[in-house]
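Alright, structures below, take your time with them.
Below, chain A partners chain B and then partners chain C, in two separate complexes.
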Partner chain A sequence: MSARAVVTGLGVVSPNGLGLEEYWRNTLAGRSAVREVTRFDASSYPSRLAGEIDGFEAGEHLPGRLLPQTDRMTRLALVSADWALADAGVEPDDLPDYAAGVITASHSGGFEFGQHELKALWSKGGQYVSAYQSFAWFYAVNSGQISIRNKLRGPSSVVVSDQAGGLDAVAQARRQVRKGTSLVVSGGVDASLCSWGWVAQQAGGRLTTRHDPERAYVPFDAEASGHVPGEGGALLVVEDAEHARRRGAPRVYGEIAGHAATMDPRPGSDRAPGLRRAVELALADAGAAPGDVDVVFADAAAVPELDRIEAETLAEVFGPRGVPVTAPKTMTGRLYSGAAPLDLAAALLALRDGVIPPTVATRPAPSHALDLVTGAPRPARLRTALVLARGQGGFNSALVVRAAED
Partner chain B sequence: MSRPDDRRVVITGIGVTAPGAIGTKNFWQLLTDGRTATRRISFFDPSPFRSQIAAEVDFDAELAGLTPQEIRRTDRAAQFAIVTAREAVEDSGLDLGALDPARTGVTIGSAVGATTGLDQEYRTVSDGGRLDVVDGTYAVPHLYNFLVPSSFATEVAWAVGAEGPSTVVSTGCTSGLDAVGYAAEVIRDGLADVMVAGATDAPISPITVACFDAIKATTARNDDPEHASRPFDASRNGFVLGEGCAVFVLERLDHARARGAHVYAEVAGYATRSNAFHMTGLRPDGREMAEAIRVALDEARLDADRVDYVNAHGSGTKQNDRHETAAFKASLGEHAYRTPVSSIKSMVGHSLGAIGSIEIAASALAMEHHVVPPTANLHTPDPECDLDYVPLTARDQLVDAVLSVGSGFGGFQSAVVLARPERSVR
Partner chain C sequence: MSSTLPPFTLDDLRRVLREAAGADEGVDLDGDIRDADFDALGYESLALLETAGRIEREWGITLDDDTLGEARTPGALVDAVNAHLSAARAA
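And now, the complex of A and B:
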């Protein structure tokens, strides 16, 4: 029997909280960070709201030499990884060589860094491009930098499946744990809140053009009109359960019990979307029946057609209003490859504390037949949570986490 | 004990789009002729740049069979992937209509995604770098597909009708090995019967050339482009940027046998390790690459002395070629001196994330034809590179097992072992 993969550490960098407990406190309190963009002048763009991280001073956490060679999202990722390892009580130096790896999801790389260097190239000339551009922008940067900072030499990787990639990375981490790696730092942290990134995101056609932060990103609402983007995410320590037990890990948040990834059929096909298959395969992988699932952290695209597909999928699998559903990402915006790992962190904290965090801003449309947790957090006995994530281009990913055995 | 057939993964189809060679047959001809496809950059005026050489693909998307809509919504790297995936599927003899879409997945490696498309679009939206707050009015409507390279996996999934587990693997210059390794693990875990897997990159654009200029990673042998990629030669002074794509049909051995498919090779072993040392620098002892090789051979249950050919990373930078020579000695022992080692980057350049898959294609074709491709332009070996690098001329010899390695920015070190599925295992 292959090893069980459990989560023993969490590092969170979220628009509504830097650090795990601040994030969780604000999330349970329903505090949203969605607001007008301040990082660049967005006033000329149709979409103007984002979930931005305030008060992050990279120099307080990282050596100065790393700053000129890193994009903001890499700095956030490095700090998030530090926090996750500390939370897990892991001293990377104490691990044997090759015992630990780094598997992150990426979305658009160090895009703000890239904009700066593209500007240098086209306004001044190639000789003004930074010596760091070759690796500060590319998608592998966070895995590489986290590996170097923590001397993690085991199997490492980077997956990109738009906003579903965060779950696929964690599933790949579980796969490596099952093949014998002791622990993997996994998840995703993203940021591309620069004007160049903004224009590219708008081109995707899924950003809301509403300007009222209280009513902008409203999944499952009759007025759903797209999402608000954000920056941040979470990194997790995914560990062999036996390794965690032997070293006396301070805590086990839960087990990565099941996962599945599917693709939607090509456009114009009359075949069904792939989300239901992902849910059913993930449950089967976890050995769980629908009735075992105590809460669903929804993808919550806030695109009417995608909301309908997700709501129908949940009704088909769990019955109409058959399971509590929530979308705390309504407080942060969608964090691209960081969104699903942050949801996973929230799900594990929900299992720990027996409470479901609320969805804010949304007034659920009755047509969706969802038991959407809104307003106050809902206390509940929670053993098993399902986290869903979808990406543009047809990616569906579902992950089941189960509370640690007492 | 050998692995059961439903846990073994084999290559049954190959597609290649490479500099100097569209299609697998032309690619193999180029390699075995020892011809080079490196030349002065023709895509833009390279004269402002330090390195002015690249290995370019003469690619016409329409001639290659892409539909107008496919052409409009994709970057060049995605176009390579679609065309090459179709070639691989055709070569495999798979009947797409008979496949279960849910049991068919896609893994595409790419180091830098749609970087060429992004470079061009940035130039437009910033009006030549003048605007800080860029204006998207004149950007291509599908700019989001350039922003996020998972669009490559989507395009290939649509092209082959896959609805199973699909993703892009982006680990810099080992992406092409890691994508194949990832897909093989997906099949072994029972999550798919067939994976269409490979890698693509089309990075020959001003921003890429400038960023490698800035660290002098590419060669500036601008007066002699055809002989500029010189792995293991004492005169080497950097790599030649390339582009291209290779895609494979991977399937379970029992699945391949049941349909009577031609099997090129088994993806018998794969491992990746990180040097945790430097984003671009390598430790001279090659210890992490050596570890990846050992683990991959172990997974393949193959003793080091059974490796008939080593397909090297061989980028032609000073540090790389010594680094991996040390890694081969550390992992293969005395056998490192006996087994041929060659770098096809001498002919087709270094296409970043794509090259790992292109090199797997070369490795599988070496097994198919029992021919080892040469290292072109190797006249005076670096004294510190003292293995048999198969200089200039291809070599006929029995090839039943190949080790292919890669090394990349971020510290990734990967190894893939191809072998005959019917081999005896230790």
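And now, the complex of A and C:
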């Protein structure tokens, strides 16, 4: 029988909270971090709002040797991994060689590092480009640096499927656990709030150009106009349940019970979007019926057509207003590969505490037939949560988590 | 033109190492590091490549890969840089 993959540690770096409990407290309180960009001068761009992390001093958490070779994204990822391992009570040095790996998702790699070095290249010349540019911009840079820092030499990789990747990476971690790896640090942390990253996102056409933080990122709202980007995410310790039991892990947040990923048909095709299949296949993988799902953490694209597809999918699978739905990412902006792992952390904490965090800013459009949790957190008996994530280019991913057995 | 350049010192190297690659908290870079192995000081090949690049830029010389590969200690790298500077002066 194949191993069960459970989550035993969480490390959160979110615009509305650095660290797991601060994030959870602020999320339940509905505290949004969406505001005008301060990291660079965004005043001349059509989009000017972001979810930025405040108060992160990398030098307080990381050795000096790592600073010249990392940008903000990788520093946040390294600290998030440290926190996840500490939360799991894991001392990486105590693990046998090759027993543990790192599988993260990435949306655009070390964009900010790349911007800095390209600037050096074009303004001063090739001699001024850092030798660390050779890897610091890679998609795999977070996986690599976390692996090196913690000597985690087991199966390691990076998954690149935009926002869906955050779930796909955790699913890959589960596969490796089933193949015999004891433990995988998995999830995603993204940060490219720099002018180069901004221009790239702006060109993608999915950023809102609204400037009122209270009304900018409003998924499932009749005025949905695109999203606000943010930085951060979460890393999870995904562990073989038996390994966790043997070592006396301090806690098990829940089980990665099911997952599926699908692709949308080509644009213009008359075939149905792939999200519904992803949901149904993930439920089947978890051995769960729609009625078993107690809460859905939505992808919440805030692009009208994508909102419609997600709302219809949920109504088709669960019945109209058939399941509570929430999008706490309305408080952080969309974090790209970091978004779904952060939702996964929120889902596990929701299962732990029996409470659904709210969606903020949105006034749900009645046409969507969603039971969207807005305004205040909703207490509920929760055992099974479904997390959805979609990526630009047709990626759909659905993941089912189940509360740990008592 | 480069005849006015002062010699490259161990302190110059300390500064460039810090700027290029940072310093390991477990190592006293200001201590007696002349004959310490770069590995023991926490600098891998990429850190040395970046360090060499900065020295080349600042002192206007070109260090070939062999020079870098053979200089396993700060003392050896300082000597190699000075040898290049002398050659540049003589030219």
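Going forward, the second predicted complex is superposed on the first by the 406 of 406 C-alpha atoms of A that agree within 3 Å, B and C clash if a C-alpha of one lies under 4 Å from a C-alpha of the other, contacts with A are read in each partner's own complex, and residues count from 1 in each chain.
We adopt the following convention: a residue touches a chain if its C-beta (ideal position, glycine included) is under 8 Å from a C-beta of that chain, and two chains touch if they have at least 3 such contacts.
Remember, predicted model here, so these are calculated numbers, not experimental data.
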Contacts of A:Pro68 with chain B and chain C, given as first, second, both or neither: second
Chain B versus chain C as contact partner of A:Val159, first or second or both or neither: first
Dominant contact partner of chain A by residue count, chain C or chain B: B
Chain B versus chain C as contact partner of A:Gly101, first or second or both or neither: first
Which of chain B and chain C A:Gly188 touches, first, second, both or neither: neither
Touched partner set for A:Gln127, first chain B, second chain C, both or neither: both
Chain C-contacting residues of chain A that also contact chain B: 69, 127, 130-131, 134
Of all residues in chain A, those that touch chain C in their complex: 63-69, 127-128, 130-132, 134
Chain A-touching residues of chain B, taken from the complex the two chains share: 48-49, 101-102, 105-106, 111-113, 118-119, 121-123, 125-126, 128-130, 132-136, 139-151, 153-154, 157-158, 161-172, 175, 178, 182, 185, 189, 191, 206-207, 209-215, 217, 271-280, 288, 291, 408-412
Complex contacts: residues of chain C adjacent to chain A: 19-25, 42, 46-47, 49-50, 53, 56-57
Contact set on chain A toward chain B in their complex: 40-41, 44-45, 69, 97-98, 101-102, 106-109, 111, 114-115, 117-127, 129-131, 133-135, 138-141, 143-145, 147-148, 150-162, 165, 168, 172, 175, 192, 195-197, 199-205, 260-267, 271, 274, 277, 391-395
